[in-house]
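Next come two complexes built around subunit A: one with subunit B, the other with subunit C.
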Partner chain A sequence: MQIKKRTNIKFNVPQQLIPLGILFILVITALIVARYLLVPPTFGELGHYRSQAIEDNLAHPMSYAGYYSCNECHDDMMELKNQSNHRGVACEVCHGPAAKHIEDPSEYLPDAPRDRGFCPLCHGYDPARPSGFPQIIPALHNPGHACIFCHDPHNPLLPHAPEECSACHRDIANQKAVSHHATLDCTECHVVAAEHLTDPRSALAQKPVERALCGKCHADDADASKGIPRVEMASHGQRYLCWDCHYPHSPEAY
Partner chain B sequence: MNSILFSFGVMAAEAHGITGYIYPNEFELHWGLLVVLYPYLTGLVAGAFILASLERVFNVKVIMPVYRLSLLTALAFMLVAPLPLLAHLGHPERSFEMFLTPHSQSAMAMFGFVYAWYLMVVLLLEVWFDYRKDIVIKSREKRGIKKYFYKILTLGSTSLSEKALQFDNKAGRLITIIGIPSAFLLHGYVGFIFGSVKANPWWSSVLMPIVFLFSAIVSGIALVLLIYIVTSLVRWKQLNMACVNKLAEFLLYAMLVDFSLELLDFIQRLYESEESIAILSEMVSNRLFISLIITQIILGSLVPMFSIIMARFGRLPDELRRILYFLAAILVQVGIFSTRWNVVVGGQLFSKSLRGLTVYKLEIFGLEGVFMTIFLLLLPFVILYILTKVLPPWSDSDKSMSAPQG
Partner chain C sequence: MSEKNTKILRRDFLKAASRLIPGGLLFIMAPGTQALLAAVEGKEYDPSEHNYAMGVDIHKCIGCGRCADACKKENDVPREPTFFRTWVERYAIPSEGEARVDSPNGGIDGFPEVKDDRDIMRSFFVPKLCNHCTNAPCVQVCPVGATFTSPDGVVLVDREYCVGCRYCIQACPYGARYLHPEEHVADKCTFCYHRIREGLLPACVEVCPTKARVFGEVGQRSSPMHRFLRLNDVTVLKSWLNTKPKVYYAGADGEVR
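This part shows the complex of A and B:
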């Protein structure tokens, strides 16, 4: 009896909802079908990417031989390089991919770049490079000479100690050159040991630690040119060091 | 010698408009005019929809003449809104991969679903329920291809019984209620994306979604006001001054809230005085002086607010009022476009080193140029024109057209 009653119940679905419902089901089905057809089968197995991509990449032919392969025959060169500032630079960075050379050393010889365009890829001046990284302006640095004429790439010692701080700290030197501190020598503020020029990491240049150094020129009673901005050292900035607010290499910036 | 060369370098950089120190990858702006256009368009969509919801949900009967117009405006601009992004990305076909392989951790990827929800579940459904009666009548009255076109639009639901019409009305109301948070989500989301860029002090602010939302409401109301005045003029119809006055009032209130929020954000930034404040102040007083101080604040906010106050609450003849409203609405559009410009372009003008400023140079031709932007700005009006031909929103011209039941 109860079952009969239930079958007589009429669902009062508004007419509008039927086509809309069908339309929405179609759209969602289309999305599901599109996903089924278009999403690569291995997508999402390992992460939000196609894991087959790893296999695809592994299937590419090997071009680079790797550090250990070079060492097998050229261990003398490797030892020299590993003692030098180029110890972090792999052989194939300069010599190019050498997998073919490993397969047939006599048939295929790797590149040995000798023109002046190559070394400045790393050592040409670029303000984004860290201070202290040796950088040159190729047009000004011994034009016409190949780099290897003076520098051995496997042991890139400098032929002589740099004459100017800008040889390694060009970004700072350039900034200072157009600032109010242009005429100051670097050694006016930094104490630089002689060893710093030949082995910079063993003897770092000293940075100032006291406000009094700036006060030598900028204190209101300093014995310096009249055009230099003066402050009362006791009240100006008080507990802060001068370079907390002023950048000494370009002091007008703040 | 080196320092002389460097000085030349500095002079060359200054000739390009760069000042101070910037990182090499900050020289060129990656988000240009089209990315400015995108939040502007979505803002208009959200604003126009929220205006429509005032009539539908909050029963503001006086703005009835623009109810359907604002819905169609929202739809027309919604259809164009993603185009600037697709043009900017250069590979429009890749955007569909967002739907196929959605990444729930990416705000930008999930935005595709917010957009799809808003377009399909909110706007299209609401327009359909609202116009169903008219569509059915047209499918019976028209002849030839038009008849079949309207028949398809009915989706087979041709009942005009009182019960069916009541359901249309109820469904429309329900969708509008869902639509309000959706509209907030749509444009709040755009602000959210900018506001969550932690590395950029000009963007990173929790107020960003809220400021975006209110500026969206301002721009949407002003746009519908403009379109209503212009279409009435072109159709030689009398403007409903009560409606226009109410629109202007809402515009004023929205502008007051928007302006206060932006002022609050500005004051808070000044008071916080984070390390970025120096470069941001320099940017505002140099690079963004015209687009922020002049066009956004003075011409885009203060002047229109003052003229609306004068027109709405002063004793002026209706003709003068209309002109003042019209001018104010145009200035508001200029102001809101400047707001988007200042956010998008401003956020890329200063270096992340906080020590230098770059410049933005407009492209004229090309996929991201001025002409493309003008085309994308005009396209919604063309779509709106077609929509008004297919689904006339006017309640005064055609006696057979019915207004939705309150």
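This part shows the complex of A and C:
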């Protein structure tokens, strides 16, 4: 009964709604048109951005040709370099971007840095560099000579084996030089094979393994000068190796 | 009736077999053939299959600044010392007091000589770049959708659509963005998107002489990145911000921000 009654109600559109409705439809249409015109074509395809932008980013030209490109023509140089300590250094590190050179080898020639300023970017001494990385102090290391005068960058063998450990381990040498161990040679504690000087990775210097090594000077019955601090080896921190607590390159006990 | 239905005529059998056997063979060979076809034709790149990331090994970095230099050359970054997509910072942690950080011209021209390193307890280099955050704050704040995370996980800038409002530069907790002085759009590292899609390495990784930078894909076992994440104790910068960076650092000190 009730349902029937409802359907009988006559619905009158209030007069004031008609212009409002027209206005509403016009505004919505204007918004749709504006949106169509303002939103760029590929916006929203993949997310809240223009997917065309991905293509735009891809369109950027390349300057660096990549490690393997040089091999196609310069395989002799690559072979030489790949046997040397510079095997991990890509050609474009020193010679600069070479994509243009590959496009037109005669027209565009890559750089070849020959001045003294370039090599110290890697090989100048800086305490922040990892120990063991070959470093020189440019002001002291054959000043006035170009690096390539003695070293071939494609096969950077040393003209002669370094005389001092500080050639590569300067950060440690600097610390030791101002410590109580200043007068000790590195070889007092480390066993260094001859090959370590020319090919460091092939024969690493040996580090001490026994407490007795420190005991040679620091044990209470050691045959050493009187000024050296002594401990009773049997009772002094017997669970530990000496260098678990003391840093031998800059020992802190007085 | 049923007997007649189950009985297979020789003709029907041959018909069915002629359809099924080549189909079956194709099905068995499918993975192989697909790989072969892909290799021949060059497979269509599917960005959703990739998730790029970078690893930086602090112990290996020698601070030569070749990465920052190569980045500028590859991506036409202005040479002025205030604009960088990647740069190298030198940290010096003294036995007492605050850590000292410097990065003159991003490390491109080398670092000034340390006159006295006696009070330095630890010192190391930290290469910095856009972290390509999974929850990138710069993407969230961009009012026009001009910076976005691509389907392969790289945060990119839409230069056509950027209005240069600098919100993203403010929002980036890593200071990895700058406003391009000529184009007046935000600019930042793209992981050399134009290179990696071609299968090349980003320019900074390409020129790193000690392989301190590693580039690859997360979750792909054959990728160098997988090995990097497996073998190192990695951290990300400012992990407490929950930005979920995709630049992983091995050997990063707690002082590194």
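Definition applied: the second predicted complex is superposed on the first by the 195 of 254 C-alpha atoms of A that agree within 3 Å, B and C clash if a C-alpha of one lies under 4 Å from a C-alpha of the other, contacts with A are read in each partner's own complex, and residues count from 1 in each chain.
The definition used in the following text is that contacts are C-beta pairs under 8 Å (C-beta built on N, C-alpha and C of every residue); 3 or more make two chains touch, one makes a residue touch a chain.
Model, not experiment: these values are computed from the prediction.
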{"item": "Partner chain(s) touched by A:Leu38 [first = subunit B, second = subunit C, both, neither]", "value": "first"}
{"item": "Subunit B versus subunit C as contact partner of A:Cys122, first or second or both or neither", "value": "second"}
{"item": "Subunit B versus subunit C as contact partner of A:Pro143, first or second or both or neither", "value": "neither"}
{"item": "First, second, both or neither for A:Val27, with subunit B first and subunit C second", "value": "first"}
{"item": "Touched partner set for A:Gly227, first subunit B, second subunit C, both or neither", "value": "neither"}
{"item": "First, second, both or neither for A:Pro159, with subunit B first and subunit C second", "value": "neither"}
{"item": "Contacts of A:His48 with subunit B and subunit C, given as first, second, both or neither", "value": "both"}
{"item": "First, second, both or neither for A:Met62, with subunit B first and subunit C second", "value": "second"}
{"item": "Which superposed partner A:Val178 touches (first subunit B, second subunit C, both, neither)", "value": "both"}
{"item": "Partner, of subunit C and subunit B, that touches more residues belonging to subunit A", "value": "C"}
{"item": "Residues of subunit A that lie at the interface with subunit B and also at the interface with subunit C", "value": "43, 48, 126-128, 174-175, 178"}
{"item": "Subunit A - residues contacting subunit B, complex", "value": "14-16, 18-20, 23, 27, 31, 34-35, 38-39, 43-44, 48, 126-128, 137, 140, 166, 170, 173-175, 177-178, 182, 250, 253-254"}
{"item": "In the complex with subunit A, residue positions of subunit C that touch it", "value": "47, 59-60, 62-66, 70, 73-75, 90-92, 110-111, 113-114, 117-118, 120, 123-125, 145-151, 156-161, 190, 193-195, 197-198, 200-201, 203, 206-207, 209-211"}
{"item": "Residues of subunit B touching subunit A in the complex", "value": "1-3, 5-7, 9-10, 20-21, 23-24, 99-101, 103, 120, 125, 128-129, 132, 155-159, 163-164, 167-168, 171, 278, 355"}
{"item": "List of subunit A residues in touch with subunit C within their complex", "value": "40, 43, 46-50, 52-54, 56-64, 66-67, 86, 88-90, 92-93, 96-97, 120-122, 124-130, 133, 171, 174-175, 178"}
